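Common to both upcoming complexes is subunit A, partnered first by subunit B, then by subunit C.
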Partner chain A sequence: MTNKVATSGSLRNRLVFTLIGGAAVLALLFFFVVRSFSVQIAQQGQDNILLASATSMLDAAAIRNSTIELDLPYSAFSMLSTQADDRIFYAILQDGKFLSGYEDLVGVDASSSNTPTFKTSFVRGAKVRIISASRTLIGASERTEIQIILAQTQDDLSKTLDQISRNAAFLGFGFFALTSALSFWATSATIGQLGKLTKSVTRRGPQDLRPFKRSVPKEMGPLVSSLNSLMGRLDQSLSQSEDFIAEAAHRVRTPLATVRSYADATLQRVDKEENREAMRSMIKAIDESSRAAGQLLDHAMITFRADHLVREEINLVELTRDLVERLTPIAEMKDLSLALHSDDQVIYKGDPVLIQNAVRNLIDNAMKYGPMESTIEIFVSRVPSPSVTVCDNGPGFPVGEIESLTTRFQRGENSKDIVGSGLGLTIARDVALAHGGNIHLENKLEGGACVTLSL
Partner chain B sequence: MRSSYLTVIHINLTLTCHKKELALDPMKFLLIEDNIDLANAITSRMRQDGHVIDHARDLEDGMAFVATSEYDLILLDIMLPDGDGRSFLQRHRASDLDTPVIILTARSQVSDRIGTLDLGADDYVTKPFDHAELEARCRAVLRRRTGNARTKIEIGGIVFDPVAGHLTVGKKAVTMRNRELRLLELFLNAPGQIFSKHKLADRLFSYEEDVSENAIEVYIGRLRKLLRASDMKITTLRGLGYRLDHDK
Partner chain C sequence: MRNLVALGLIIWCSAVWSQEWEDRKLFNTEDAATNIRIISSTDTDLFAPLVDAFVSQNPDVSIEYLVTGTADINHRFRASPEAFDIVISSAMDLQFKLTNDGFALNLDGVTHPAWAQWRQSLFAFTSEPAAIVIKRSEFAGHPIPRSRQELIEALRSRPEVFKGRIGTYDVRQSGLGYLFATQDARASETFWRLMEVMGGLDVQLYCCSGEMIDDLTDGKIAVAYNVLGSYAEARPESRETLEIILPSDFPTTMLRTAFVSKTSSEPAAAKRFLEFLLSTQSNRTGNIRSLPPLIDQTAGVEGSKITLEPTLMTFLDTLKRNKFLAEWENALIHN
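For the complex of A and B:
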């Protein structure tokens, strides 16, 4: 009953991949955002110092006697000193004309406005941050514009930025790792609910079709409720088919019983031999058809039950003893005796109804074929496997037919005068097969048939 | 079975002038069965054997019968119009009556067996049943349940208990096979009546068995041997059959 279910992908993997992928994207985003912010902040810091330095230089400029005096203050440079010993370049221009400093700074920035401007550029092969600020000096008769271009390399800044990036990367990775762990946990907690449901479905016996009562997460509600309704329908149809079989048996058997009893009663009254013969044939035919109907129904019941095998612990010895007790009155009518030989107890897990039916069929057969006043031997043994063997002293199985006897409606060559439907051995075999066993037919050396039902 | 001995007495009195009074009650059955045809068939067959049988059509009817008179055995159908025969069984067992119950079931043997026996039925037969089987089961149940002396018959130096299956000839207990027992019972049921070989065969063997006339002769021979020490004798009437006689 274990059908292979077509599966496509795994819900767990899908969830884990989505969550981890999301975490990775978020971690990267975090890293870049943090870095770009810190770059911006660090740049701002450098810019502020540059501005302060440039401003103090400009402040030092003055017009004295129509000449420009600019004494670069020491503090203007000292405030620019960094741990990484960044280099500083400067240029002083008067009305756009180079006065002093590094001349190659001049071409870099030609802009002249009253507000200081910043830009990043390369001077002598080094990346620098440049500020250009100007101030208009007004003398007695003239006005002139002083422009300061100040540049500082960014070694220290990039060092700081590297450190910040590294920290951001660590943080991002930590976030990623934590989120991944969380997503594994969340996934298995979610999938675990499904697993629990699966387990409680699997743990159920084949006849247990009660609805699930245990509460499940809201999202699983529809699944469980459709499972419950499916099981409800299954339960109904199972009990309907069981009822149907019982009802069919009832419908067939009651009228047959009426005919059988009337025929029996009539036979006792009739004296004329030819009439008696007719009544006898009638009774024989009724017996044959009722037996066939009975066994067909039994067979249907057995096929049905074998599909939904219920395994209970049973003692085969007790089961067989019950049967022997029940069949003894019938055996006695034929002056047959039933002898049971067995171990103390043979415990087996199986369907008691099925096994009992199978053993009854074997004993029935033996009683049909056993000669009068003989003994039918019944053995129940534990080793090599739990088994029941029934032996009679009848004619035995026709040689060469042993194989075909267990197929449906097949009867032995030598069974002409014996009422039977040919289903007995089939039923026994089906029951054995349903329990993973088989039946074995053989003839005893001294005559008589033995059938072993091994489970 | 038991009622048959009443018949025995009457016929014995007229035919063989046997004077011994046998105070045996007839065997009394109650049949609870809703199918009228089947019930008629069963009752007429039972009466042929000399039993007394009352018929109840449903559970209520059945309870009323049980309340008003005493029965030796109840034959109970399982599916009845006013309920399940098993509920009758439960109620019956709950009251103090211990009348044995044999269930007549039309359902598959597979499904019903365990339930009915658990509820306290003594045995069951599956419809349609062989009357001889029903009789054998009744005998077995009564043997288990009562085993009292009521069923004994004493005649011509033998003591015979058909329910227990005991035969005493003179003072000696004799073991009998089932068919010998039934043959003797048949003869004792109808003393003076002539039984043809065919009739005897029909009563002793099931219809599915192919019985030769020789087999009947064998059983008659055995019974004669068993009765040798008594005053009972089986007479052969050539061309007609056999008869049990009591000669002084």
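For the complex of A and C:
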């Protein structure tokens, strides 16, 4: 009984995609933030050095004998030396007039405010960072402004930035990979709880409606508790209906027995053939009803015991022998003999009442559907699993129906004139299933039916 | 008429071209497909063995080797950078500035130690200390000065011998002389005292190391200050008469450098030559070498070795240069 459940999407995929997507976005964000920060910091570093250099140049300026003197300090250029051999350009201006250095720098930055200004531009085809700084000199009779324009290429800077970018990319990727692995793990751990619950639901026997006791994560609590309450209600309604059936069967059986004895007595007294015929049909119907009531009662009992299966050690051989002895008188009435073939003992842990009931139903069938004056063979064996097999020499199961005979109230076409309810094989099957076994029906090649109850 | 003028101009130009070089030599002119032109401050005798070795390995390349002074190299090359393929000079500062100004070609794939190159464009291939070279005969019976201080004392003690017989670079003309002088001035005050002593003794000024050593050999002068020891060593006839002294107080060591012009018409051949030059000069056991080898400076003792760094541009600043020259003239020239 496998129902196709309508599903849409996967919780696992959704979780994994959300987590990995989030990790990717975060990793990218990390990369860009680190990059932009390091661009700022590296640029700041270069600017600071340029400022220091320009300041040292400005500091070297002095007015002597009313002419300007600027004794370029050695340190001004030595501090601009970089690993990547960056080029430097500079210009010294007095009141906007070029004094020395690189004349093509003049006009690159026209600002002559007192605070140093920085900008990025191109000089001689190379990308450079330019600082422009100035200082006012006051001599005896004049004031003059000295301006320094200093430019440095950015090879070292971009080298450093490349390095940082590469490291940030590695780090970002590592973070992403780690988070991905983590999200896979977290997802399967979370989904795993659901899987566990599913497994313990499917592992249960068909009659097992006990509530789940094992602790589950908090979030799954409501699901399990509603599952439990659903099963509780189901269990209750099932046992109510079984109780009801058993009660009903019991109540029907007693009056039926009374009716049956009256009918028997009446049949003795009736002479007219047509009335006798009617009485016989009546008796058959009564037999059928009381058989059905008996079987229903048995079935209800079996369902109950299977739910609360109590296993005890039993010897299947002894159990079967008991049964055979009890049934022998009935068999002899039909000139039938029951032959038991078995080992000394087959020890099995199970419910003796259930197993006896099942085997009785099988022998009962063999006697009902087998021919008179024949032998019913009963085998009890230990291998491959503890089992009881009942075989007769009758016509066998009707071909084509063999699959469906174990379902409830299902009777074969060969059972027309034979009293029965269609529950015998169902009882046997339920007993087998309750013990974790199964029932197997087959027709022998030389004729006759064989039923194996394996436990 | 106009054609005549043009013709005249061409003739005049080529005349000027050949006249104005200190030396000019062609190598392997016969069957060469590509011609590279080297402008250099290194004397042809010193450089020729290296070029010969190169053209014998590369018969497809011919070389025109042009020699002039370091300051002149700077002027000529700036005026027409496309006319030359390789620039070789001992004036590190001028070479450095040319590179900084973007005249040098970036040579990817040339492996050279970081301290001996700048921007993968300017490559050093010799280490040459500035030396005091003296005529032995003039110091017979007197202690030979081992440092600048000792030289000052020696000059002061015998002014009659040295008057008019001391030589040094005219730093206004020679790029290398200016480099040595500025580095000396930066390293120690002794330099200025020495200059004053020399100025008082009527110093002779020279454009080039070669001429100074000529006059020293001839006996016209007795002491040459800040001259390239390699030039003196290269003269077999002067080996007995001259003594090369590396001042023990602080030696000034220059790196001879080369670069390929950015506007070179034969960059591939020029690069080949440069690689040959570098590998020959870095190889300690090479026997074709006629120039001093490149010696790892980082293992050196003193700090006064000139490094390939932006600081080289400091003394090239016009204001700074004018100030330095004024001081130098003030110390050296009294008239």
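Rule of thumb we're sticking to: the second predicted complex is superposed on the first by the 259 of 455 C-alpha atoms of A that agree within 3 Å, B and C clash if a C-alpha of one lies under 4 Å from a C-alpha of the other, contacts with A are read in each partner's own complex, and residues count from 1 in each chain.
What we mean here is this: a contact is a pair of C-beta atoms (placed from the backbone, for glycine too) under 8 Å apart; a residue touches a chain by one contact, two chains touch by 3 or more.
Keep in mind the model is a prediction, meaning the values are calculated, not measured.
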Worksheet item: When the two structures are overlaid on chain A, which partner does A:Leu297 contact: first (subunit B), second (subunit C), both, or neither?
Response: first
Worksheet item: Which partner does A:Ala181 contact after superposing on A: first (subunit B), second (subunit C), both, neither?
Response: neither
Worksheet item: Which partner reaches more residues of subunit A, subunit B or subunit C?
Response: B
Worksheet item: Should A:Leu29 be classified as contacting the first partner (subunit B), the second (subunit C), both, or neither?
Response: neither
Discussion item. For A:Phe77 in the superposed arrangement: first (subunit B), second (subunit C), both or neither?
Written reply: second
Worksheet item: For A:Arg260, is the partner it touches subunit B (first), subunit C (second), both, or none of the two (neither)?
Response: first
Practice prompt. Using the superposition on chain A described above, determine whether A:Glu242 touches subunit B (first), subunit C (second), both, or neither.
Written response: first
Discussion item. With both complexes superposed on chain A, which partner does A:Gln268 reach: first (subunit B), second (subunit C), both or neither?
Written reply: first
Worksheet item: After lining up the shared chain so the two structures overlap, which partner does A:Arg124 touch, if you call subunit B first and subunit C second: first, second, both or neither?
Response: second
Worksheet entry | Touching residues on subunit A, where the partner in the complex is subunit C | 69-74, 76-78, 80-81, 85, 87-89, 92, 99-101, 124-126
Item to complete: Name, in rising order, each residue of subunit B that touches subunit A in their complex.
Response: 35, 37-38, 41-42, 44-45, 48, 79, 104, 106-111, 113-114, 123, 126-133, 136-137, 139-140, 177-179, 182, 196, 198-199, 202, 205-210, 215
Worksheet item: Which subunit A residues qualify as touching subunit B in the complex?
Response: 242, 245-246, 249-250, 253-262, 264-265, 267-269, 271, 273, 276, 280, 283-284, 286-287, 290, 294, 297-298, 301-302, 305, 326, 328-330, 332-335, 352-354, 356-357, 360, 368, 372-373, 417-419
Worksheet entry | Complex interface listing, subunit C residues touching subunit A | 100-102, 118-120, 186, 309-311, 313-314, 317-320, 323
